[in-house]
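Below are two complexes that have subunit A in common, paired first with subunit B and then with subunit C.
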Partner chain A sequence: MSMRLLSRLLPVALAAFAVTLAVLALGRDGSGEGRAGRPAALPQALAPRASTDERIRVLQDTVRAAPTRAAGYTLLADAYLQKVRESGDASFYARAQQAVDRALRLDPGDAGALTQRGSLALARHDFRAGLRDARRARALAPDVNKPFGVLVDALLELGRYRDAGRALQAMVDRRPDLAAYARVSYFRELHGDLDGAVAAMRLAAGAGGEVPESDAYVRTLLGGLELQRGRVGAARHEYRRALLSVPGYPAAQAGLARVDVARGDLGGAISRLRRVVDRLPLPEHVIALGEAELAAGRPAAARRDLALVRAEQRLLGRSGVNTDVELAIFEADHGRPQRAIALARRAWTAARSVRSADALGWALTRAGRPRAALPWARRALALGSRDPSFLYHAGIAARDAGHRAQARACLRRAVAGRAALSALNGPRAVRALDALR
Partner chain B sequence: MRKLSLLGAALAAALAAGALAVTLGFGSSHREAPLSSLDPTGDDTDLYAFTAPDAPGSLTLVANWIPFEDPAGGPNFYRFDDRAAYYLNIDNTGDGQADVRYRFKFRTRVRNPNSFLYALPGVTGIGDSKLNVVQTYSVTRERYRNGREVSSRQVASGLPVAPNNVGPKTIPNYDAVAAQAIRTVRGGGKVFAGQADDPFFVDLGTAFDAINIRNGTGNAGGGKDDLAGYNVHSIVLQVPEAQVTRDARPVAAANAANAVVGVWASTERETVSVTGRGGSRRARTEEVQVSRLGNPLVNEVVIPLGQKDKFNATEPKDDLKNFGKYVLSPELAKVMNVLFPGVNAPTTNRTDIVQALLTGIPGLTQIRAGAPPTDTLKINLGTAPSPSPKRFGVLAGDTQGFPNGRRLADDVTDIELRVIAGFLKGNKVPLGDGVDQNDKPFRATFPYVAPPAAGFDSQLKRTEPAHAPTPADPAGV
Partner chain C sequence: MRRRALAALAVALGVAAVLAPGAHAHPLGNVSVNHLTVVRVSADRVDVRYVLDQAEIPTFRQRDLRPPEVLARTRAAVARGVTLSAGGRPVTLRLAPGGRIAFPSGQGGLRTTRAEVRLTARTRVRGAVVVRDATFAGRVGWRAVVVRPGRGTAVRSSVPSADPTRGLRAYPRAVLASPADRAVARLDVRRGAGAVVAPRLSGAGTETARTRAAGDGLAATFADAAAGRGALLFLLLAGFGWGAVHALSPGHGKAMVAAYLVGTRGTARHAVALGATVTVTHTLGVFALGIVALGLSAAVLPEDLFPCSSSPRGCSCSPSGPACCARACAPPGTPATTATGTTTLTGTPTITITAATTTTTTSRGGA
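Let's look at the complex of A and B:
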């Protein structure tokens, strides 16, 4: 990760530094622990431009020096989560869990620790746990805004869209800022309002003030929306802008790979994705790479790369990350549809969201049961989503079930957003539509 | 995240870090943003209020946003948020409600949307078409009575924001270009908005090591200014006293009835309907306050953990109701006693802090007798500019310094440390952070803040030269 991105962690680092003071000095009951001497060299590592690794080191020292204070562990958990984000190394989830569990053992009523634990649960796709913690944090600290973010995210992922909408409206009414606007964008996107999603994301961009890492994040999301709208040039502009803010930002590079594909440059997409995967081997990037290789007629390379995906999913699973939905789609596309069905059913049981519904529908379609798939495909589209992937899946299910008109309607809309489909599925959607005409 | 005094950071940040620094899974796993909890364009970082020596009949306000603008990195496109409204608020009746508000609204235009460049090389003027990203703004003066708006008048519009100092090739004579952003305001006065050097100075890194009652207490220099070299975005407004006083007349003397006003900065943003159609309890374009800042201390010393968000969303007029019970026993004093054994900071009944910051010091910074405690920065416009300002302000006998307003050079960190330790109650302790001044000299003329660093020549982390220890009683320093 670029130093500039790390340097923008300064405000958080400052917060972390300052909390070391509070951690050392002050318990929740106000009694300071009598301490001999002073914490050595703690703040130096939290000076401007402290990296996540430095931050982790300093916070580890902090909790050693003050093992009975919850706040240090909460911060440490957050630093570990940041490490996962930057490196893709899911083993830090376990460390984050340990740290935040420790914080809560020390102080079960610490709203900050609960919020942190809730975020960690979401990162691992344990949405029910995230919801529980967010609710409890809200109850304990009703004047704090942060738990709203976790609450909204959990409700959305659980498929409780009306509740999520209400919570999100409360969140943005309390404080209209980047965190709120970006979620409004996602909510609108889920409901098929792509223009509204773009508008809200532009509000988020303004609120971010073009501070580099906020900018890169928001621009990358904007790029994704533009791809769905079929505006490849606009998407390319946003991704390039993101990379100006944070050079090498993996999600933006992956977005540019989609642009390469849309422009027919499979070779370019493949080299780009390989660079992304080398840096941040998330399954979604590896799958994109493998599918690009398949589309480019490189089956051996694709096989090699796609084999990685299962290994990574296993690693993630061992780190407590629930990847049922992603794995279900992967198995449906490249593996065993029966297994895909089992995974998707489990995902649906855990979270009755449009994503789970889409995964189950696709698994059933690929298993040769399109009529069973149709109600699930319909559920996935029930909010009005224009997600090209959902539409492609629904179109194929309809086609296989013999509903040609419905298939054409879905596939037409999928093709309109095919720039957001993978290198494999984009052309497949086009061919399927052509064959139905 | 605002710049905070060294120890003051502890409290707000404990909440900030613990509760706020969270991962955000926006739905699927790829939507995680590490820093979305920050609000750089919404959070006020600092507020200054003073009578400038070269403008003795006016109130000068400096308010900053977007901290830690790194001149050496990034595309340097920092700008105000077009969708936010930035306010300078003035209470001249002492009830914690704004009687006069200056509202700043910004608008960005990108000349060539296909270009990523901030500007082409060789910008010679603020209207130069080589500047690709251009932000302008308007200023509206609103008057209120008892919280209700009674008039609103645009006093400036279409003003240019001073550009980011991207470097000597792009803007060869930056100071001259930025100077073109100094404009006048209808009704009298001057205004400036744009990038500036961050005037705050504090040692966050090594001060803590240096502060030890036995081995030196940060009163002898040697600290590193961790904010040296960074920029911010500033709004600087200078208006005749009659524009802000209760009776709309200039201030005749420090003991005049209209002499003291309380000021604070705030930011508001529009809320939106989540569905884009309707369904917000608030009107579609209603503005919500996202932050406010009066004294450079209260949100840390007085406001407990878990209340910072509420503080940012509420108004000074409700401070007594909302936060009154926390005022007298500031947690920071307890922190200090643990960190610095021997300081013996009083931890309860801190009426001295209440008076110094919230109700005002009688005869100096009280807006009126019996004024309730409100977190506004109170300034006596009748106090003449000091011929030789002292960085310790009132503690050193310089009654024109903080907490009587706040000048750019007032060493708020050292003042705060000593006040918390009990200076105003007679417990004088030679505390400090080892950094006594900003890395760049302030200007003697409007807009007073130093120009922003360019990436080319920025130097971060200046070390304060060592000097003879400043005594516990800093009079004469």
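Let's look at the complex of A and C:
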């Protein structure tokens, strides 16, 4: 009888055993899950000056430990975007986008993730989407400063300068940091206040960033402003300081090439730009290289390099990135002006900015319609901009339209800032001004 | 302003490469130059396979070159850039003649470049070996040195042995995967049976080992177990063995169970069932005790716990004695005497209470 009882008990015992084993096995496998239950350990092990790669590693571990928390993905997306800025490695955009999407799926009201989606939209030149996300992020987290950056950038790109000024004032009032000062500088530059722009950019440099790259970025912008002010030595100094922060920083290398051009050393500029393009063949560097080669009388090499720009534009077009303004200027300078006009018109419809106006004006001028170009040139300069490139475009339009006095005024100012003009347009501006005297 | 516009464009080029829906963009961006160096250290030679995958833009920049010229350039870059040293001294790697070159189509009607080049050093290297890939330094892209097992060596590697890209054909696109950036492999090469102990691709720094070449199977099993692969099976077998040995140690009510079986004239089937029950309940008891000890370990030392657990054990056991006596007394000349006999035979007290016997006694109470 007890045997029968035993044989009845045995399956029960076995089942209990199996359950115990299963529980233990799950406990082992689910150790990550167990950790996930706790609040996401934010990277405490992270040193404040940790490199972006370290940050990415720690944040990837954080996300692995807590895959259901939006905050980890948001921070990770931020680190990925920083990685793009530092390395130019575009594959991190895709990762950032994935991280942002995942964060928003977990928490549609995550202001940080919305802000980052906004910056990604701006990178694609989808300024309206960027503006939408920045606004939503600001409404969701009124105390956070970060959406203001995206908001100001989107408004500036869309040509809504008054709104941008208001948002920027609020941003700098809340927290005068590198991001705010750098935008104040750009805002002043747009309005023709170069000295004020330099002062603000110096404040940005003094405020310091979280990573060496932000310092290098600000120094590079400062170098560009100094070139516009005609202070070539000061510009060189800033570019060199940028390279001290981030050795080999391509934007600063390209800046030094502009310094070479301004000093008349085209050979030096070309070899420097060639190195930059070998490492990171972005259109802006390739255009600078091609124009330096044209200026140096090497049209064959220039044609080769400028063809690369067209290939890159084709890739961009296929990918749905809006580069109308940049392409319009490029086509007006080196391609078909009629196509430039169409592109610039589309750009103006999408964003009524001074850049779009300038591109349309220049395209019309190059297409032999300077009279039609003049109102657009005026619109480009309406804010009081002293951008030598805008002034050169306006001057040529005025000259071709027969307004000699106006042309002289514009070209004189363009020549004053010719250090910031391209290798091709600098000498052209000087020649055009001489011819008008 | 133009500068800024162009900076934005630069950014956009990057985005374009990867955000495009449905476009066959290079997963690592249109400007990327990706390369992989596969190292195999054998007893008498070192073989290196170098794979290059150039995205659309760098390929476009070489559009004026004929395929043999592109291959020649790649060969020159590899000859310059891929170096091997053993014990701090450089070892010459010789390019094998030829190589492969192809131009698969990419995005926007543009082509990409795929090249493969092999290098060999016909020398015996031992000890600290370093393989360095200095080609295309500073360029954006996937860069990895992987170490595969060779013949007659056991290699401890600083870089993983696995290549998730299948020779730069598919790149991991997971949100948590960063492109590899490993240009240097540090190896410790010894004589062996074709094994590599290398870090895992992802996650913590656990090591993984891999053997390919026909070698010592048993040694490989142990290498696998040491590296965490196949270890579960190994541990299970070891656990089974230890359990069997443990069952032979004093206690576990062997005498009592045997006596019971004899007394009830149990068959072999009953013996197996009884043995299984004891095993299962015993193991359960150990787990239960372990869990309790683990849970309380923060507050109490396990050593202090055992005396406390003795009294319930004693209480649960003590009824079994009188119960047996009662049964032995009721019908005269019954198995109880045999039980006593067995006890004396084994020379151990019937109930040796070790920490683990709790449930054994309980089961006996139940039976």
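Going forward, the second predicted complex is superposed on the first by the 328 of 437 C-alpha atoms of A that agree within 3 Å, B and C clash if a C-alpha of one lies under 4 Å from a C-alpha of the other, contacts with A are read in each partner's own complex, and residues count from 1 in each chain.
Assume a contact is a pair of C-beta atoms (placed from the backbone, for glycine too) under 8 Å apart; a residue touches a chain by one contact, two chains touch by 3 or more.
The structure displayed is predicted, hence computed values, not measured ones.
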item: Partner chain(s) touched by A:R355 [first = subunit B, second = subunit C, both, neither]; value: both
item: Touched partner set for A:H125, first subunit B, second subunit C, both or neither; value: both
item: Touched partner set for A:P281, first subunit B, second subunit C, both or neither; value: second
item: Touching partner for A:Q82 - first (subunit B), second (subunit C), both, neither; value: first
item: Touched partner set for A:Q97, first subunit B, second subunit C, both or neither; value: second
item: Subunit A: partner with more touched residues, subunit B or subunit C; value: B
item: A:S271 touches, of subunit B and subunit C: first, second, both or neither?; value: neither
item: Touched partner set for A:R318, first subunit B, second subunit C, both or neither; value: second
item: Footprint overlap on subunit A, comparing subunit B with subunit C; value: 3, 7, 9-10, 14, 16-17, 24, 120, 122-123, 125, 157, 186, 190, 251, 282, 284, 326, 355
item: Interface residues, subunit B side, partner subunit A - complex; value: 1, 4, 7, 9-42, 65-68, 70, 73-75, 77-84, 114, 116, 204-209, 212, 224, 226, 230, 269-276, 279-282, 288, 290, 306-310, 312-313, 331, 334-335, 337-339, 460-461
item: Contact set on subunit A toward subunit C in their complex; value: 2-3, 5-7, 9-10, 13-14, 16-17, 20, 24, 53, 56, 60, 63-64, 73, 76, 84, 87-95, 97-99, 102, 120, 122-125, 157, 186, 189-190, 224, 248, 251, 279-285, 287, 304, 308, 311-312, 314-323, 325-326, 329, 354-355, 358, 385, 387, 389-390, 420
item: Residues on subunit C engaged by subunit A in the complex (per definition of touch); value: 1-21, 23, 25, 27-32, 56-58, 60-61, 64, 107-110, 138-141, 171, 173-179, 203, 264, 266, 270, 273-274, 276-277, 280-281, 283-284, 287, 366-367
item: Of all residues in subunit A, those that touch subunit B in their complex; value: 3-4, 7-12, 14-19, 21-26, 30, 32-35, 38-44, 46-48, 70-71, 74-75, 78, 81-82, 85, 110-113, 115-116, 118-120, 122-123, 125, 137, 141, 143-147, 149-150, 153, 156-157, 165, 168-169, 172-179, 181-184, 186-188, 190-191, 193, 196, 199-200, 203, 206-215, 217, 221, 237, 240-241, 244-245, 251, 282, 284, 326, 355
